[in-house]
Each structure stands twice: as structure tokens, then as C-alpha cells.
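I've put the structures underneath this note.
Heads up, the next two complexes both have chain A, just with different partners, chain B and then chain C.
Up next, the complex of A and B:
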């Protein structure tokens, strides 16, 4: 576990120096603050609008950060040849991939924590008190980002950073509309090869829609604890599976 | 040995994939009900998370047009041009109760189309059964437009149950007493 943590710490430092991290974080923070300006124009729905816009910004921003950092980590090391002294040490390829993934995830979590803190302050200012459901919603946003980062890291093993980013973004979009669009399409299909193919595709795409529990924050909806636990387990298993595929491929790859 | 290791990996992948599918399906079974519009509207599904942002931006425009209209005509329910926009807002975000409430008054008072108003109201209520605002709107609609205080009382009691504001609770309490008196008189 120690080599994984050492590589993760180095990745956090490396990601922290990347312009893309700072630019994206500042952009999302600007969106959060800007949404207060939008919401002041409408009486009655100020809080709803603020929470809707901020949560969409955070979910989208977190995913874009994970894609940008996750898809450039391993290819960046290969290109700059910093990977050679690492793999020459008693570090397995799997530990290296796990370390890069953990470092990417923790960097994105730092960014999300900053966004969550600003959002919390805005809610406090508008509502006159804290909204503790924000912590739960942010936890599941981090889980979504963990899956996206795993996909980006795995894609970066198979393809160039640009291709990996585009492919991961496509997976992110497909995963975000999985229940609403693909699920409905699958349920309306008649049996046969087409339905089987669609079913396989449906289960291969990670379900990112289930991590979005924004309604808890915006509409004070109650989400069953059983659902949250299942989604938590799903997120962990999904990230592990995707990462294992990437690590296995990287173990057999010539660098 | 290599074949055995490879087979172990493949079995591990399949097991993890199976566990992931089982966990996803069981999570979907215990997932809270989504609004009916979410299951039928392609616009809703394809716009993804951004549909809510679009709905909010449309509401800002609707609010602007509404104020421009009342500058000319104080009876805002006559602004029938706004109805399409409100419909689009609720198609994008079926939890936008304010748009439903405004639309119901526009259909009922502006268009004098009680059936359309009732349909829109019931659509809003099926998507937001726990909305205190919509339940109160339904109570007033049934009492005033349909002269049905018994049904109105059901909605008024629901509104009181779901409201979190003390002032609103007292207002609805007064409405409930009025409806009870109307039922007693009948």
C-alpha cells in the first residue's frame, strides 16, 4: 500500500501544478458565484435556482476535472519518461496505476471541497443557516467523480490523452442519461438480438445518473438509506472493475 | 501457469461485472420514483443534467416577459403567450412547481379553459405530490373554479401537512376552516 500512497502524493503535487486544474476550478467557482447574480432576478425561486445551477456546475466541473487530469496522468509520465525510474523500483504496474488513480481522485476531491465550501457559504447567506444535506450530496458527487476518473485512467492506458478525454467524455454523457434515455429505450425494445446488444451496452456504460441525488438538497426529498448504500457499493465496484481492466492492460504493455 | 492466471483474471472480471450489474439493478429497484415526464420526454432525457439549468434560464425570461406584460395589462393571467414557455419549463424540470401554479391560473382565468387548467394541475401534482404550494393551488382551484369544497379540503389538508412555513400553515388552516364551513352549509 505504501508505494501506492507515495505515487498518489507525487501525482497530487504534479496535478496541483497543472494549469488546467486551476483554470477549471476558478471557472466553476465563477459559475457558482455568478449563479447568485442570476437568481436575484427571480423572486420566489431564488434558492431553488441557486442550488440547481451550483450543483449542475459542481457535478459537471468535477467530471471535467477528472477527465482532464485522469486522461493525461499516465501518458504524461510515459512521454516525459518519468515512469522509468518508478517501474525500475519494486513497484508493480498495478500499484503504479492505482497510485496515479488515487492521486487524480484526491486532486479532484480538493477542487470539489473548495467548490462545496463556497456553495455552503452561499446557501448559508441565502437561507440564513447551513444545509447539512449538502455534505451527503457532495459525497455522492465525489463517488461519481471516482467512477469518471477510473474510466479516464483506464482509457489513457489504451489511447492517447486527447482520444482518452473524448472517449471518457462520451462515457460521461451516456452514463448521465442512462436511466432516462437508454433505460427507457431498452424497456421499449422487443426481444431478440437488438435487445440483447442494447442490454450488454446498457450494462457496460456506468450508471452516473444514480449518483445524482441533488433533489435531496433542492427539494428536500427523502432518499431511502438502502438506495444510498447500494449506490455506494455500486460506485466502489464499478471504479474497481474499470481500474482493474486498465491496470491489467498496463501490466502487459510495453512502455 | 500463465493460462491459469489468465483464467483467474477473467473469472475475477466476470465476477466483478456480475456484482456491479446486480448492485445496479437492486439500486434501481429501490430508487425513489421519478416524475412521469422524465419517463416519456425525449427532451428531458437528452438534455441530461443541463435541462434544469435551461428551465431556470427560461424561467428568468418568463419572469421578464411577465413584468413587461403587467406594465401594459395588470391582469397577468391574460398573457397566454407565456403558456408555451411554462410548458417547456415543466417539460425540462417537472419539479418546477412555480411554473405549474402560474400556468394553472393562466389556463383557468386567462384562457377560461378549466379542463386544460385541471389537466395541467393534476400533471403538476402527480410530479410533485408533496408540494405545499401546488396542493394549496389545487384546493383554491377546486373550491373556486369547480365549486367542489370536498375535494378542495383534501388538497388543503395535504398542503398543511407538507408546508414548512408557519405563516403558510396558518393561511392554509384558515382555508381549511372556510372549506369545512362550506361543506357544512351544503
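Up next, the complex of A and C:
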């Protein structure tokens, strides 16, 4: 685990200095601040709009951040040859991929934590007190970016950074509407090759909808603990499996 | 003991396709422990592919590579290597001390020892005064020295250095040469790839020359140089029949006014001298020219 953590630390420092990180964080911040200007609505709707808009911005921004950083980390190291002195050491390729992934994830978590803190302050200002469900919603937002970062990291092993970014974004969009759109479409399809193809696609795309529990924050809905545990386990296992595919491919790849 | 052994190593890129290209062909190489081993060859000779296979960056198509008796991809082998890539690149925002400390940690140096070991390596590379300045503010030559420091920080038994003096000023080159000699005295094995032949000539105990993926020569520089020591004779009054005899004896002649410059290998000196004596030529100068490593390289790599 030691090499993984060393590589992760260097990745955090590297990502923290990338323009894309600062620009995206500023954009999310702009969404948060901009949301407070929605004073044309009545008080009750206003706070719901604020929470909905801010959470959407945080979820989307976090995913874009994970895609941008995840898809460029390993190819960037290979291109700049920073990777060579590292993998010449007793460091396995799997450890290297895991380190890059962990570094990317922690960078995004750092950004999300900062956004979450600002969002918490806004809620406090509008509601006159804290809303602790925000912590739970943020935890699941982190789980979502963990899966997205794993997909981006794995894609970057197979494709160029640009292609990996586009493909991961497509997976993110498809995963975000998996149950509501593709699930319904699949249930309405008649049998045959088209349904089989759609079925394979449906099961390959990770379900990112399940991580979006902003209704807990916006509408104060209650979500069963068993469901939350299930989603938590799904997020961890899904990230690990996707990353395993990338790490296995990278282990056999010539650099 | 053999530090590095390559047995029948072949690397073919894009095998079984039209673009198939063999970069290294059935390479057998042994690098004894405690020597400075020079690895030479023109561009495209297969040096980089060989180094990449040794470091397990790419897999050989066939053959085996061992480092101190361990397969090259085994952690036990990798822990004994220090590697300096050609034109090394590190995270620009880190300082030399941070880079070297990170590599010390990756090399398995204990947490408590890392600061002292990193500082010692930086000191040996001659960049102590730049230890806490971000790499983005350092020159190419200083970055190269950071690369040397990270390569030696784990105190590896085998150092693989690709163009270690590239980008260094004369002082830096001298410092690096001294450091390599010192490392050799400490019992380290240095595998050195360089295009600066004078450096190889001065430093290396054993030299290997690659050409189009094949090993064309391997041995001490003296052996490689002495394969064709040449004698140059300046002679006057060389008649036509003598010219024929000299050419027949394997000498090359260069006319220069009233004299000839006759160049022959040591083996053909006696027939050449006999031919000159028979023709009544006057010998005004004889020189034995020892082939430089550069000349040997040009001959072997051509």
C-alpha cells in the first residue's frame, strides 16, 4: 500500500496545480453563489430551488472534474516520461494505477468538500440552522465521482485522453439516466437482437442514478438505511471492478 | 557474479504484421558485477528497446533477462535497480529534495532514513544549494542531476543510466564522471548508455556495441580498439610494380606529391615492408596509429 499512497500524494499535488481543477471549482462556486440570487420565488420554493440547483451543480461539476483529471493522469505521465523512474522501482503497474486513481479521487473529494462547506454555509444562512442531511448527500456524491473517476482512469489506459474523456462523459450521462430512461426503454422493447444489445449495454453501464439522493436534502425524503448500505457497497465494488480492468490492461501494456 | 544477463533476447514490434520490425535480435549479454559497462550503438540500434526490456517497460518477444539472478520483472530484481532515463522529467512543482525523498520511499528506504539519504544523494549529485527550489525554476542540467540523485538514493546495486551527462556543462560532466567512478569503487555496477564516446572510453571497463539490433562487439575498450591497429608509412620513390604489390598485400595508398602514405594493418606490415624494400623505396616516417573508440565505433556501427 505504501507505493500506492506515495503515487497518490504526488498525483494530488499535481492535480491541485492543474488549471482545469481551479476553473471547474470556480464554476461550481459560481453556480452556488448564482443560486442565491433566485429571490424571485417565494421563500419555501426558493430554498428548495437553491438546494436542487446547488446539488446538481456539485454533482455535475464533481463528475466533470473526475473525468478531466482521471482521463489525463496516466497518459500525461507516459507522455512526459514521469512514469519511467517510478515504474522502474519495485512498484507494480497495478499499484501505479491504484495510486493515480486514489490521487485523482482525493483531489476531487477535496474540491467537493470545499464546495460542500460553502453550500452548508449557504443553507445555514437561508434556513437559520444546519441541515445535516447534506453530509449524507455529499457522501453519495463522492461515491458517484469514485465510479466516474474509475471509469475515466480505465478508459485512459485504452484510449487517448480526449477519447477517454468523451467516452467517460457518455458513460456518465448514460449512467445518470440508466433506470429512468434506458430501463424503461428496455422494458418496452420486444425480443430480438435489438433488445439483447440494449440489455448488454444496460447491464454494462454503471448505475449512477442510485447515488443521486438529493431528494433527501431538497424534499426531506427518508431513505431506508438498508438501501444506503446497498448503494455504498455497489459504489465500492463497481469502482474496484472497473479499476481492475484498467490496471490489468495497463500491467500488460508496453510503455 | 553477473549483475545483468540477457539470454537470446529478441524484441519484435508488431509481430505477424506488415509493420513487423525486429529491434533487438537474439541478444546475449553479460554485465559483470562491479564494472562500468558502456552500451553503444547508433540511433535505431536497439539500445533503448534493450534498456526498456531490462526495466520491464516492454516485454521481450523471446529470451530471458536476469538481474542478479532474479527475473527482471521480479520485485527482488527491481529493488536493486536505480534508473536515470534520457532527459528525465519530474513533477515541476516539486523541489529536488521532495522528488528524491519520494523516490527513496519508493525504493524502500525506511521512513526515518529518508531525509538523510535524500540529502546525501542530492549532495553527491552536486545540487545541495538547489535542494529546496522547485524544479520548474531549475535548468535542464540541474534537472538531469536531480535524475542522478533519484537514481542513487536507494543505494542500488545496479545503476542503469541513459545519457547521464546529456545537458550538463563541462563541470557537471566532470562531476558526474567522478561520481560514477566513485560508485564503481563502492562496488556498484553501472550500465551506461551514451553517445559521448570519449566518456565511455575513459570510464568503461567493458563496452558493447549494437548495430541494427545485433551485438557486434563486446569487451574491454582496448580489445574493441585493437582489432585493427594500423601502421602508416610515408615512403618516396615507390615504383608502379611496388604499388601493385602493396595493394596485393592489403595496404591502402594515398599519393601526395613525391611520396605515398601507405596504411596497413599490423598483420600486413611485413609483406608491405618487403615490397617497399624490393622496390628500393625510401621510408621517411612510420607511425603506429591506435584506433580510437570513436573510430572503432564508426567501423563497427557502419
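Heads up, the rule we're going with is that the second predicted complex is superposed on the first by the 249 of 255 C-alpha atoms of A that agree within 3 Å, B and C clash if a C-alpha of one lies under 4 Å from a C-alpha of the other, contacts with A are read in each partner's own complex, and residues count from 1 in each chain.
One rule holds in what follows: contacts are C-beta pairs under 8 Å (C-beta built on N, C-alpha and C of every residue); 3 or more make two chains touch, one makes a residue touch a chain.
In this text, all values refer to a predicted model and were calculated from it rather than measured experimentally.
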### Message
According to the stated criteria, A:181 is in contact with first (chain B), second (chain C), both, or neither; which is it?
### Response
first
### Task
Could you tell me if A:89 is touching chain B, chain C, both of them or neither one (first, second, both, neither)?
second
### Task
Scan A:255 for contacts with chain B and chain C and give back first, second, both or neither.
second
### Query
Looking at the overlay, does A:19 come into contact with chain B only (first), chain C only (second), both, or neither?
neither
### Message
Contact-wise, after the overlay, does A:10 reach chain B, chain C, both or neither (first, second, both, neither)?
### Response
second
### Query
Looking at the overlay, what does A:80 touch: chain B (first), chain C (second), both, or neither?
second
### Comparing the two partners chain B and chain C, which touches a greater set of residues in chain A
B
### Query
Along chain B, where are the residues that touch chain A in the complex?
9, 12-13, 16-17, 19-21, 23-24, 26-28, 30-32, 34, 38-39, 42, 44-46, 48-50, 52-53, 56-57, 59-60, 63-64, 93, 95-96, 98, 164
### Message
Give the list of chain A residues in touch with chain B in this complex.
### Response
38, 41-42, 44-45, 48-49, 52-53, 56, 59-60, 173, 176-177, 179-181, 183-184, 203, 207, 210, 212, 215, 218-224, 226-227, 230-231, 233-234, 237-238, 240-241, 244-245, 248
### Task
Would you tell me which residues of chain A are touching chain C in their complex?
2-3, 6, 9-10, 13-14, 17, 80-82, 84-92, 254-255
### Message
Going by the contact rule set out above, which residues of chain C touch chain A in the complex?
### Response
52, 55-59, 75, 78-79, 81, 83-85, 87-91, 93-94, 102-103, 105-108, 147, 150-151, 154, 160
